[in-house]
Amino acid sequence: MRRQAGTRTGRLRAVAIVALVVAGLTYLVPGLPTYYVRVIDMVLIYVLLAAGLNMVVGYAGLLDLGFVAFYAIGAYSYAILASGQFDIHLPFALVLFIGGGLAGIAGVLLGIPVLRLRGDYLAIVTLGFGEIVRLLMNNLTWMTNGPQGVSRIDEPFLFGAGLNTPQDFFRLLLPLVLVALTLAWRLERSILGLGWAAIREDQDAARGIGINTTIAKLLAFGLSATLGGFAGVIFAGLQRFVDPVSFSFWESLTIVLIIVIGGLGNLVGIVVGAAVLIVVPELLREYSEYRMLLYGCALVVIILLRPRGLIDRRYNPAWLIRKLGWR
Amino acid sequence: MTLRLEALTKRFGALLAIDRLSLTFKPGMITSVIGPNGAGKSTLINMCAGSYKVSSGRILLDDVELQELKKHQIAQRGVARTYQNIRLFDGMSVIQNLEVCLFPELFGKTFAEVFVPGLSHRMKEERLARCQAALDQFGLLPYADEFAADLSYGNQKLLEIARATMLRPNVLMLDEPAAGLNHGEKHRLKQKLRELLRPDLTMIVVEHDMSLVMTLSDHIIVLHQGKLLFEGTPAEVQNNIAVQEAYLGSPGELDEIREAARARANRVRIRADAGIERRRPGTN
Amino acid sequence: MRIALTIAALAGITAAAPALADIKIGTAGPLSNAEALFGNTWQNGMQLAINEANAAGGINGQKLVLVRQDDQGDPKQGTLLAQKFCDDDSIVAVIADFNSGVTIPSSDVYNRCGMPQVTNSSNPKVTAAGYQNLFRPIANDFMQGGAPAEYALETLHAKTAAIVHDKQAFGEGVATVFRSDFEKGGGKVTSYSGVAATDVDFSAVITQIKTENPDVVYYGGTMPGVGLFLKQLRELGIKSRFFAADPAFLPDLITTAGPANAAGAMVSFQAPPYDSNPKLVKFRQDYKKAFNEEPGPYSAYGYNEAAIIIEAMKKAGAKVTRENIVKGLRDTKFDGMMGPVEFDAKGELKQPSLYLYKVDGNGFVLEWPKSS
Amino acid sequence: MTGFLVQQLVNALTIGAIYALIALGYTMVYGVLRLINFAHSEMFMVGGHVGFFLLAAAASLTGGPASVLVVFAIFVATFIAVGLLGVGIEATAYRPLRGASRLAPMLSALGVAIILQNVVMLFVSRRPLPFPAFMLSMSFDVFGAVVTLNQIFIVLFAIALMVGLGWFVNATTLGIKIRAVSENMRTAQLLGINVNTPISLIFFIGPGLGALAGILYAGYYGIVVFSMGFIVGLKAFIAAILGGIGSIPGAMLGGFALGILETFGGGLLPRLTHGAIGSEYRDIFAFSVLVLVLIFRPAGFFGESVTEEGMVYKRDF
């Protein structure tokens, strides 16, 4: 706890290291075979999603099994607002905020009725919400094209440059994810983050020390959903095709898997979790149809060996920051 | 501040836990609430804290009607409490248990805290400084970074009181603070409560340990079946037949009262220990 | 473009080199989800074609290899796989994907690396982008849904139709075509309902249909849904003529629904009867020999698609490169197992053929030959 | 119209009975371990396949269609086989995780589900297998509705099983142990009950019933396929929640309720709204009802609804 502000040299070192890593990545990764870059893009998108879900599940202790709904809302906002669907062609940057906003609003709207629910009942209601959203996307054909999906989505433009290769998206995603993680971390250790933790540990006692649990929970739902929305918009921009298949209940479970396997509530763990859960299935590709079988085995083994997640909670961002010598 | 109850009533279905109770708790003194099991002591605290809804009657903090308010609003009005079986935030560190109490005060600044560079750390340090002071006051500073659940039972009790004091309370309600404490711990507790008492603080203690009650309290309220049986100074209470009857059904010596109380205290200790067992953070 | 050239150069070298590397063809389809049967038997069909080509000495001495991948019918994985194939220079052509929802995004990727892509997805949108490297040697949904409508109107003189689809890209696609064509032809659609692809209990919808008592019932969807739907349709005593699309061209349809219930059901398929054409008879025998099971609904298509690529490779001559294969495909002109194959500018089949079969006993008999 | 309604009702009860049987497995496991057992749906699927092969074997032995006795024997055999599978899974994949975060066993169950599904797909059959009808195909006309013998059997058999289970849990010592454990595992332990026995028992009965549901389902629709578990399982779980998870009558009621919701959602909605809301809105309808029920009655129909007062909001996973 008692950390004194780091020395100037320490900070310089930290900055240098981070800058070096980021620069290195932005220089090296695009040099990799495009397939790897695409995989890394996917990992980053799932890091965004997981960081979002983690706010609700990891910080506030509210189990949400329908998180994919917000991902879908984000993706469909870009698909509808930047394609021939209604011949609307808004700029990517704008839709990024619209999509995030819409998802955030949806998050709050979902939050209001479920405030009283806890644990698995909450889980099931959110599951239901997720399915409802997916089914709506599948049924509201006039808006979403139903199962046919929205194709020929505009190529995203950012600062006048077109984003069409996975490399471009990596250059967009890396800083975005870093910012998101930083903010999530600052949020975690902010007073609101502590409030969430208190609600997670003992909601009644949390009220007893004057925490307005209603506001705190709605903020958790809203903020996490917003992140999900961002991820969705970027996904739609990368795929340039969106259909309901991509937002099944299975996706929600994958995101829950990521945060649990990484280490619930630990941002470092989340990054590792996302990497593992996206890369492992890719590594198993050569086994073609045996792939999912092996994937299932891998899941069970990992969970049995490390039920509290791959990354121990003491290796959290604070530890990272100390190691870097920032403070 | 003064806490006044007016014709306060609480029903659980058919059971009448508190029956048209009117009382006044004055600031600057320690008021103990005693009475046999089921007299409605904890119910009283739970209503004042907003954990239970009031069936009828009013709870007035000076002239604010608490029964109208939500639980967190009551807490924000400076009504702090501890729980009969400890309710700490087990998965959080000891210091975080106090830090989070600044939520009502600092929540408005969250946005700035998250987005303004550097501010996050500065605010954190300020908070920690305040909490460390509070911890130090209760001699818990050495445990600052441990999990609340890993503290000894006595220290958990202290931490809970420390947490309550973090709210800068006007009313401090302690539900069986001594239950399960050994002799030395009780002694320290007594001193601590004395230190905490400020002229503007109304301290309410629900306790079974008669020796503690008699030596600690300035004023004692005896409840029986949800009604006020008697109130007065410790001396007056000790010499009151009605009180003894309430406890033992027949007139008896005060030692017997003490005996009964100690026996219960032990039971509580056992239950509470089981409680801790149950609340080890079995989580990530 | 540049990539394609470099690859061309590389491939040129390998072709010249004495040590002959294998020529790889990639394919991606659903192998581990509910559609695993389709994906697997589809790829088996390709395997068969490739085995035959290898038996015949391969392509100018080089052995052909089929790289089978699983996309789980998931667009995200489809694009990842597309990239994987693109990056792998030894892959000179792909047969991908099975689901339209996967092919649409993956074709973007394949197009960037000039990968010759032969697809099995029948959704009209697939070719909307007009990619020059994308070819579809099968009839699209317009044909698939249109022919039965025409037949119902002209041959059966049907006036009313109830339409059900499984809310999937394919099922809804053909169902909408059937509806519009049926209505254009003056027929009346009594109800147009969607069910879930995973459904097995259609009694709710069927009970509704029963009250409409339509002349024909069209089901847009895949197995086992079709079979169960037909079974329950008959069990609830609806005698209307039943139509389904090519996923139902399977013995499973009859076993699932039961011969009595299946009798008279109409199924559209893109190949002439297995016994009509020696190639098909042989194919069926070979398939059974190779995989000791009946061919799946798309095995014949898979075989055909692989055969088309092999044909194009032969044209490519010494340099079996992505570029040359695309050229080869462009001017494909050969008589495939399922009829003449020739592509128009959009990469669509010039003369897509469709046949309507009628369930009779334990088999299908040709009811309505049609070629436009 | 009456025929229409009766028909829909019969359909609803049949599928509802199957949901209810599966829901029992979820509800019992949840009642004790508070675990959403995602693998349970695959027990149902495996059950269907085991039944298929036993019936096929019986047919090849006796030649003609299986007799009542044989069918009964097959039911018992399937129940035991899948029950043992369930016990094995609990011992290997869940027991080591007791005391860990409650999410861990849930996700381990998910992994098991994936494994089972793929094993059946890869090593048994990708193809939907035509399930032999073990019931005489007899049907009656009730108010213009077609009611098959099979449907009647399914409903009655399911109800019988559930009543039997209810009796077992309430009357027998083992059953009482189970209830004790589900009331409060720690107290049960303090009382010297070896909690593993009841838990294993639950993981025997639950999957067993799921497997029977699998056979009934397969017999009713005449098909088994490796992918049949997930959706049905999900719906059965929702039925369990609707009824109030942890309660056996609740599971029963929830099953029938969901069955009715679905069939009427699919059959009646289009009618009432004159096609404005098509049958494709069936699941949305069902899920919406679920959400509403939980919001207004957070513990389902039969679950003991905790009042704001009794509630201790400790972290729950």
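Chains: A, B, C and D, in written order; residue numbering restarts at 1 for each.
Convention: a residue touches a chain if its C-beta (ideal position, glycine included) is under 8 Å from a C-beta of that chain, and two chains touch if they have at least 3 such contacts.
Note that the structure is predicted; figures quoted are calculated from it, not measured.
The chain closest to the protein's centre is A, with centres computed as averages of CA atoms.
Note on interfaces A-C and A-B: more C-beta pairs are in contact across A-B. Chain A and chain C have Cα centroids separated by 36 Å. One simple way to say how far apart two chains are is to compare their mean CA positions; for chain A and chain B this gives 42 Å. Annotation: 33 Å between the Cα-based centres of chain A and chain D.
The geometric centre of chain B is 48 Å away from that of chain D, both derived from CA atoms.
For chain A, residues touching at least two other chains, in rising order: 138-139, 200-202, 204-205, 264, 289, 292-293, 308. Residue positions of chain B touching 2 or more other chains, listed in rising order: 51, 90-91, 283-284. Contact of a single residue of chain C with at least two other chains is seen at positions 32, 36, 40, 167, 194.
Touching chain D in their complex are the following residues of chain A: 61, 63, 113-114, 116-121, 123-125, 128-129, 131-132, 135-136, 138-139, 200-205, 249, 253, 256-257, 260-261, 264, 289-290, 292-293, 295-300, 303-304, 307-308. Across the interface of their complex, chain D is touched by residues 32-34, 36-37, 40, 167, 191-196, 198, 200-201, 203-205, 207-208, 210-211, 223-224, 227-228, 231, 235-237, 252, 255-256, 258, 293 of chain C. In the complex of the two chains, the chain B residues touching chain A come out as 49-51, 70-73, 75-76, 80-81, 83, 87-93, 95-96, 99-104, 106-107, 109-110, 113-115, 120-121, 123-124, 127-128, 132, 144-145, 163, 166-167, 283-284. Chain contact summary for the complex, chain A toward chain C: residues 33-35, 38-39, 42, 138-139, 146-149, 151-152, 165-166, 235, 239-241, 243, 245-246, 282, 285, 288-289, 291-293.
By the touch criterion given at the top, residues 30, 34, 36, 93, 96-97, 100-101, 103-104, 107-108, 110-115, 117-119, 122, 234, 237-238, 241, 245, 278, 280-281, 283-284, 287-288, 290-291, 294-295, 298-299, 311-317 of chain D touch chain A in their complex.
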